[in-house]
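Letters A, B, C, D and E mark the chains as written, and numbering starts fresh at 1 in each.
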Amino acid sequence: MNLLDLVIAIPAIGFLVALIIPRVMEKITRLLVMGFALLTFVVSLGLVSGFQSGVNGLQFESNKIWIANPEIHYHVGIDGLSLWLIILSTFLTPIAILLSWKYVQHRIKEFYAFLLLLECGLVGVFAAYDLFLFYTFWEVVLVPMYFLIGIWGHDRRIYATVKFFLYTMVGSVLMLAAIIFLYTQAHTFDYAEILAQLGSGKIALDHGTETLLFLAFFLAFAIKVPLFPLHTWLPDAHVEAPTAGSVMLASVMLKMGTYGLVRFCLPMFPIAAKENAPWIVILAITGIIVGALVALVQPNMKKLVAYSSVSHLGFVVLGIFSFTQVGLDGAVYQMLNHGISTGALFLLVGFLYERQHSLAIKDFGGVATVAPWLSILFLITTLASIGLPTLNNFVGEFLVLQGAAQANFSWAVFAAFGVILSACYMLWMYQRVFFGALAHSVKHHVTDLSPREWACAVPLIVMMVWMGMYSQSFIPAISEANARILDRTAKAGLIKMTPHVAVNAGTSNFAPAGGGNAHAR
Amino acid sequence: MLANGISSSFVPSNLEMLRFAPELILSVAGTLLMVLDPFFGEGKKSPKIFGHISIVAFLLAIFGAVEANTVAGPAFSNLLIVDGFATYFRVLVLVIGVFAVLSSYLYLDREAADTCEYHALLLFSVAGQCLMVSSNDLIMIFIGLEISSIASYVLAGYLRNDRRNNESALKYFLLGSFATGFLLYGVSIVYGVTGTTKLDEIRTFLAAPGVPTGYVALAAALMIVGLGFKVSGAPFQVWAPDVYQGAPAPVSAFMATAPKAAAFAIFLRIFVTDFDKIGSSWEPLIWISALLSMTIGNFAALTQTNIKRMLAYSSIAHAGYLLVALAARSEIGTAAAMFYLAAYALMNIGAFAVVIHICGKGEKNVLISDLAGLGQKQPLTAGLLTVFVLSLIGVPLTGGFFGKFYIFRSALESHLVWLAILGLLNSAVAAYYYLRLLVVMYMHEPGEATESLEPLSPGLGLALALPAVGTFVLGVAPGAVLALATAGAALTK
Amino acid sequence: MDPQVLMQTLGKGVPTSWYLALSAVLFTIGVAGFILRRNIITVFMCIELMLNAVNLSFIAFAHEHRQVSGHLFTFFVMVVAAAEAAVGLAIILTVFKNRSTLNIDEIDSLKN
Amino acid sequence: MQNLWLIPALPFIGFLINGILGRKLSKAVVSAIAVLSVVLSFGLVVSVGLSSGWGEHPIHQHYFTWIRSGGVDIGWDFMVDKLTMIMLMVVTGIGSLIHIYATGYMAHEEGYYRFFAYLNLFMFFMLNLVLGANYLLLFVGWEGVGLCSYLLIGFYFVKKSATTAGNKAFIVNRIGDFGFSLAMFLIFITFGSLDFGKVLSAAPGKPVEVLTAIALLMLLGATGKSAQIPLYVWLPDAMEGPTPVSALIHAATMVTAGVYMCSRSAAIFLKAPIAMETVAIVGLATAVFAATIGLTQYDIKKVFAYSTVSQLGYMFLGVGVGAFSAGIWHLMTHAFFKALLFMGAGSVIHACGGEQDMRKMGGLKKYTPWTCGVLACASLAIAGVPGTSGFFSKDAILTAAYGHAPWMFWVGVVTAGMTAFYVWRAFWMTFWGEYRGGDAGHSHDHGHAHTHGHDDHAHAHNHSHDHDHDHGHSHSHDDHGHDHHGTPHESPWSMLAPLVVLAFLSLAGGFLFNVPKFLESMFPLHEEVPNEEMLMGVSIFAGLIGIALSYFMYVANKELPGKIRKALGGIYTLVYNKYFVDEFYDATVVRPIIEGSTEVLWHGLDQGVIDGAVNGAGTGSRSIGGVLKHLQSGNIRSYATWVVVGAVILLITVGMNGGLIR
Amino acid sequence: MDLFFFLLFAFIAVACAVSVVLQKHPISCALSLVGTMASLAVLYLLLGAEFIAMVQVIVYAGAIMVLFVFVIMLLNAGEESSKGRSWIAKIAGLPALAALLGILGYAMLTFYPMVGPKASLVHFGDFTGGGAKEIGTALFTEYLLPFEVTSILILIAILGAIVLARKEID
């Protein structure tokens, strides 16, 4: 049992323990669950320290037969792509637990049990190297989130949670079909093996089949991302979810989709991915702009942040389908960034909710007067979210846009509008909530941060600065993994990849708007 | 006649008796119950002793079935065949029998019904199913089917003063007999073409060249009517919702599982082996039937408010999934169907057990809304139901998921791509109404039904817990059952 | 088909197919009765008619194959029919006791 | 070796200390930390200057790799050359003075520590901007100063107008940054690097179209930051911030970043003549345009704000005509006199207890002689009176413009005249005549201030959608003057001392710092223009005319302005209301976006179409279910019929498939 | 001769069967059904199924139908009411029945060739394997199992009838 197995197992054990604990022992439940989450985090840090760069292939690999026939393996392992997403999951879970300390007052043990189950599933998704196992974790994640929203959510929680479940379900069953189909071709679920067979031509997919398979996977992931126009479950789910649910949903769960795109869609179906990239990019850009514009006019803070996620994740998809090293690195980095900054936004919005019991922007005003520190942390988070340099999102957005520009300059032009708009909606919200004359109810209800809340928020703020100022802690591992993925897409014969773009991309192939350069086909 | 040295003599050999052991044990036990009735039946209205005896009988029969499998082979002039396939299904229906008994204690007690006859009928019905699944002869199959069915007819109307029970029994009986007529006609045509009703001989006959396949196809069509009815596959599913809704809840649970499993066993045994030669003629029909069953079952279930009726529709949908496996016409498909039936049986029994738990005397609380707040009042019951619901939806780590996976895998292996896709999409639709159960249980405030709910009785508790464990085992470590199914599927040819 | 040849043949015996066709006709009439009649007992009798039709085909096939097994099937079908009759009529009795009607169309409280 | 990173790091440390602990520290400590950090930074700059021969020997330092991915390799690199040196001196020098000034000006403010924390943070980013050795670091500073600008404009966050102005500044700047970032992407695609060294040395070899595109996109960025047409609109509103902020950020340093960027990228611009022409025209247009507006404003800070916009236009004109060093020179001198103007205005406002409307001032020279004196120096400088710093730099630009295209010169001269006019108009209105403010009048109740003192035109039109709800546009923005007592009073020495220094620089700056000469190695001097003396004379004359005219109208003949106003009628209204540009943007951009997003995108597309489809699928499924369940009529005969129908279909199909029926 | 008997009893069988469907009163139906069964018994004889013909008369036409008549009498069932309707049975019923008859009839008529050397004909006395002895032998050797199992079936029938039809004990 290596470290990675432990990281998956500890939350699972914690889940069972939390289920067993008698209902009355609330405090012990909380502490115990927190202990499990922290332990998981600490153990997961071992993954970072033990991670070696320059290794081609999986690390912390663990491969055991789970079911003999059809041969399904418990095959987990990480590369640079998974590493940070796993850390993100283990990092945020303790925060989610801590932030619910007061928020959740009924059915406590179930709540925490579900959080741990969620963590287990998330880590599993990012670590699974067997398609069946991947799908298992993928679906397992759905269940705790369904309950988290449905039981501890707000008024329209049932509508939201059912919508969330069904939306995702529709996508995932198609993915399941594609997975099974691949199995019937490859006679294995092992991802590496399937890739090898695809690469060597042992599985020869004709063009239509590859496209269909790609679309099946893509749809599942696109719903999860969520890519415009499949996003309408997200605002509902976010608004209705309890804070911890929103945080986990926005920060990690959405990344399952983008992770899937990078991990599976690109390497397995490079030709289809490349061929379908143009319209996917158009959707991504539409999502960036529409998401931002809709966020602009939201009267509800959580909904605003939710729509901003639609916009932000459009960047990620754009980066992925730019098929450039820069864009892909940026996309993956942006996944982490979004996890941190949007997670923090939901966290802070949750703090406001706990005070005022409202999420409507109009119910606030002048919060900065009574809760300066809360305002400052919120401001930093806001700034991170709108991509201020030296904070994390900037790095990701810059790389994504740079990558997009390399692929097709007009993509970057349109996508960059999102950057303008993000400032509009975030700052406008910030102004209305924190600035202005002190509203009466705010004066009576809103107080500054408690130590517990500090403890929740500060790690996120620290990460924002760290990731914004020293991306080299993270990007090299990501780059390596992405390079391998791009290598596959390049080998698929359609894409000419030159990692050192345009250094020699001399003089004649420039067309400012839309014509693209050497990298756009 | 001389295979394995068994003569067609008047006196069956011990070996033959051993291969017939489960049916024998059940029949003896059933008779024993009736003999004992006068001794225990008086005084107490619904003594539990008969249930206990039944369980012992079922367990003995399971033991017998497993033992019989160690000496697998034909018996009674080749009318009976004990192989992995038969044993798998025998054990399955016997296990279902155990759960049916377990979930009946409370119900019968509550309704102050006679227990002796109930359990005797249950034993006989299962005996008939055991007979069906281990038959190697169409006429044996027919007799087994009738034993199973007639007992079920009676069970469906067991509470004879209950109007719903009456109607349920009448519908089941009339339509069942009607469909049996078709089945029988099919059998007769098969007999006409081949001159035999023994499955292996039919197989041999059909394998030869120059067979008038048209008539075989005709026979197959007629048998699909009969068997399709029994498995409640569209368009022969019409009876199922009414009957399941009207019958006593434990009987519904039983009917939705055991006879269905047995009928599917027959379906598989006959069609995948004997009629495989003319598979191209019936496969499209099964394809359509599968799709129709899934669609009708799932969509009609969307608007149901009665849990039993909803589960009935859901069972139609599940029959659709199973028909997908049949349409695959392969060993894998057979194994998939076998596995799925096991998973389906467990989750369905579990779900019905919860219905039995909450329905109250006279089944007055059978609406979905009656589950309101169960998650708060009885978290354990709710948790167990959650397991079943998740399995019915097809969430990984449950038997339902793995079964579904296996079925659609077989479909894709057989290039039924669109059927698989439509089926999977259907399962997403299904999620909607299953989720309603969870929504009501966990996200609504407790209602009248749950407020006054008594704690889980031991029998029902077992009938909930064991299937839940089973559902998990099938989802997490399906290897053993899968191996049995695969081995069983291999033996049918 | 040449009528003359047919007449010649008919002199030797009745074509088995005719027996079979008769069974088909009876079967269909049974089905028709099931669908069209409203009295439950009559409907049940129509089922018996269907079984009889099947029996006829069994016997005809047995004759063709010169086998006794077909007769045995018929025998078993009869036993089954008898058993069904007993149970079926008992069910009809209970229904009548509770609803005081034998009209099949009035037994439709379980629906949708 | 000098550690360049210390230069921005010192203010940053100041920011951290003040920002985190400031609330608990006394004002003295806070100001000590803030001022000291900047002054030390200034000292470091000087020492760096001394050791590097004032940029003669460029320094380039690499600290760590910031972003590396694919071909992108961005280091956290600082660089000092002559251009940087000038900027560093201006930023830290003026910055130090303004910090000192602010300790006095803000002495009675709530959130004192917050103000200085922001100010220090601004210094950090601004220094980063000028020190950065690649475009991305420049961009870091660029965005960072924008952030600080946002924070400081909205310093009085309780006031809606302030925070709105802050948002406006940030968002309009973002539009510019949009261009800048696209320029960066294009630069990277073209050059494979963002380092100044690599890019600029390779620029001459690249195709003109690309360079033009890059340059134009950069210009878009510059118009945002440096408040040029069409993105200048934020700067006048930015006067909502405390006056030291206006002086430091919105006059002396940040707004000149665009000029710096263009000059830095001279290698690219020089190869893109179309872009150069555009720069020149944008600059010139802005200069004229803003100057006309400046003629009519009554808010003293607004006047200087438009003046800033106008002067920035000058700088762009200089850059556009290729006189980069002249532009930079003007940048420097402008920093002196405009900072002085603002700080002087601040002093005036301070004196008048927060009043900003010049119509309620007047005759202040007897109350605030020092302020009057230093403002006179600044006004002379901006009017381009010979010998003052403004004269030299403006003249250099105009001469170069003449060399480029004579009409530009003439337009520039007219603008210069207008500039002289409105600055002196402000001067006369403030210091000459009688004091018009009520003795015990204006409390800081804004509503009160709102009710009097505006002439009919002031609110003939509601300004922007936000402003009209709470505050008028043109009065007390600083919640200032808690020590207010009836009559105006001179400011404390902490405020006056920096003014005096700047006054000196405004007057003598032209002699002291000959920027074109200094930068000759980077930007070759322009060839001589014929008739240079004549041109110089014309521009001097224009300035003097302006001053004289203003004296005539606002001192000698006070009825005249009113008459002219009436005579001009509509034109005056148009100009007074800043050509309704805000309203135009509001109607064509802001409202359509808000309403379109609400109605079309949110309610229409998102909730209507997409969610409608999703929910419709749900309802559809349920209605399908509703239909299907009615097949289940409960009637046994119907059921049997279904069975028969099914059987028939089966029989026919299977029969056909099986070969029974052919 | 064969032809005559066949046609005669086939006609009676069909006529009685049609009568079962058309008669309004259950008793008439039952009697018609007896008629069908009796004529089928004759046809069985023609087909060489002596034993079955006998059983048909005794068990089927005799015992089972008596049971029917008994129940009809017990319930005092009169002419069926015409309340209620089945929409689908009306619309789809007749076409479906026609199609069913068509396809089954066609299939059955063509099942064996009627003419030619391979013609399959029924001639009374061709096959005599349907006597009691043959049946008895088969029942107790090859078909022992179903024979024994039918006892369970009958047991269930009895049990079921008791469960459903007996009077309440209390």
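One rule holds in what follows: contacts are C-beta pairs under 8 Å (C-beta built on N, C-alpha and C of every residue); 3 or more make two chains touch, one makes a residue touch a chain.
Note that the structure is a prediction, hence the values are computed from the model and not measured.
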Could you work out how many touching-chain steps separate chain B from chain C at minimum? 1
Per the contact rule at the top, check every chain pair and give me the one with the most C-beta pairs in contact. C-E
Using C-alpha atoms only, the most centrally placed chain is A
Please name the chain that ends up farthest from chain D once chain centres are defined by their CA atoms averaged. E
Please tell me the distance, in whole Å, between the geometric centres of chain A and chain C computed from their C-alpha atoms. 66
Round to the nearest whole Å and give the separation of the Cα centres of chain D and chain E. 101
Need the CA-centroid distance for the pair chain A / chain D, whole Å please. 36
Note: chain D sits from chain C at a C-alpha centroid distance in Å of 97
In chain E, the residues touching two or more other chains are 84, 86, 89, 93, 97, 100, 103-104, 107, 111, 142-143, 146, 150, 153, 156-157, 160, 163-164
At least two other chains touched by the same residue of chain C: list those residues. 20, 27, 30-31, 34-36, 38, 43-44, 57, 60, 64, 67, 69, 72, 76, 80, 83-84, 87, 90-92, 94, 104-105, 107-111
I need the residues of chain B touching at least two other chains; which ones are they? 139, 143, 146, 150, 153-154, 157, 160, 169-171, 174, 178, 189, 192, 214-215, 218, 241-242, 432
What chain-chain pairs meet the touch criterion? A-B, A-D, B-C, B-D, B-E, C-D, C-E, D-E
Provide the residue numbers of chain B that touch chain E in the complex, in ascending order. 1, 8-10, 12, 20, 23, 27, 30-31, 34, 75-77, 79-80, 114, 117, 120-121, 124, 127-128, 131, 139-140, 143-144, 146-147, 150-151, 153-154, 157-158, 160, 169, 189, 192, 214-215, 218
Where on chain D is chain A touching in the complex? 23, 64-72, 136, 139-140, 143-144, 147, 150, 154, 157-160, 163-164, 166-167, 170-171, 174-175, 177-178, 181-182, 184-186, 188-193, 205-207, 209-210, 213, 593-594, 596-598, 601-602, 605-607, 610-611, 614, 618
Quick check on the complex: what are the chain E residues that touch chain D? 84, 86-89, 92-93, 96-97, 99-100, 103-104, 106-107
Okay, in this complex, where on chain E does chain B touch? 103, 107, 111, 140-146, 149-150, 152-153, 155-157, 159-160, 162-164
Inside the complex, what are the residues of chain E that reach chain C? 2-3, 6, 10, 13-14, 17-18, 20-21, 23, 26, 29-30, 33, 36-37, 40, 43-44, 46-49, 51-52, 55-56, 59-60, 63-64, 67-68, 71-72, 74-75, 77, 80-86, 89, 93, 97, 100-101, 104-105, 107-112, 114-115, 119-124, 126-127, 129-130, 134-135, 138-139, 142-143, 146, 150, 153-154, 156-158, 160-161, 163-165
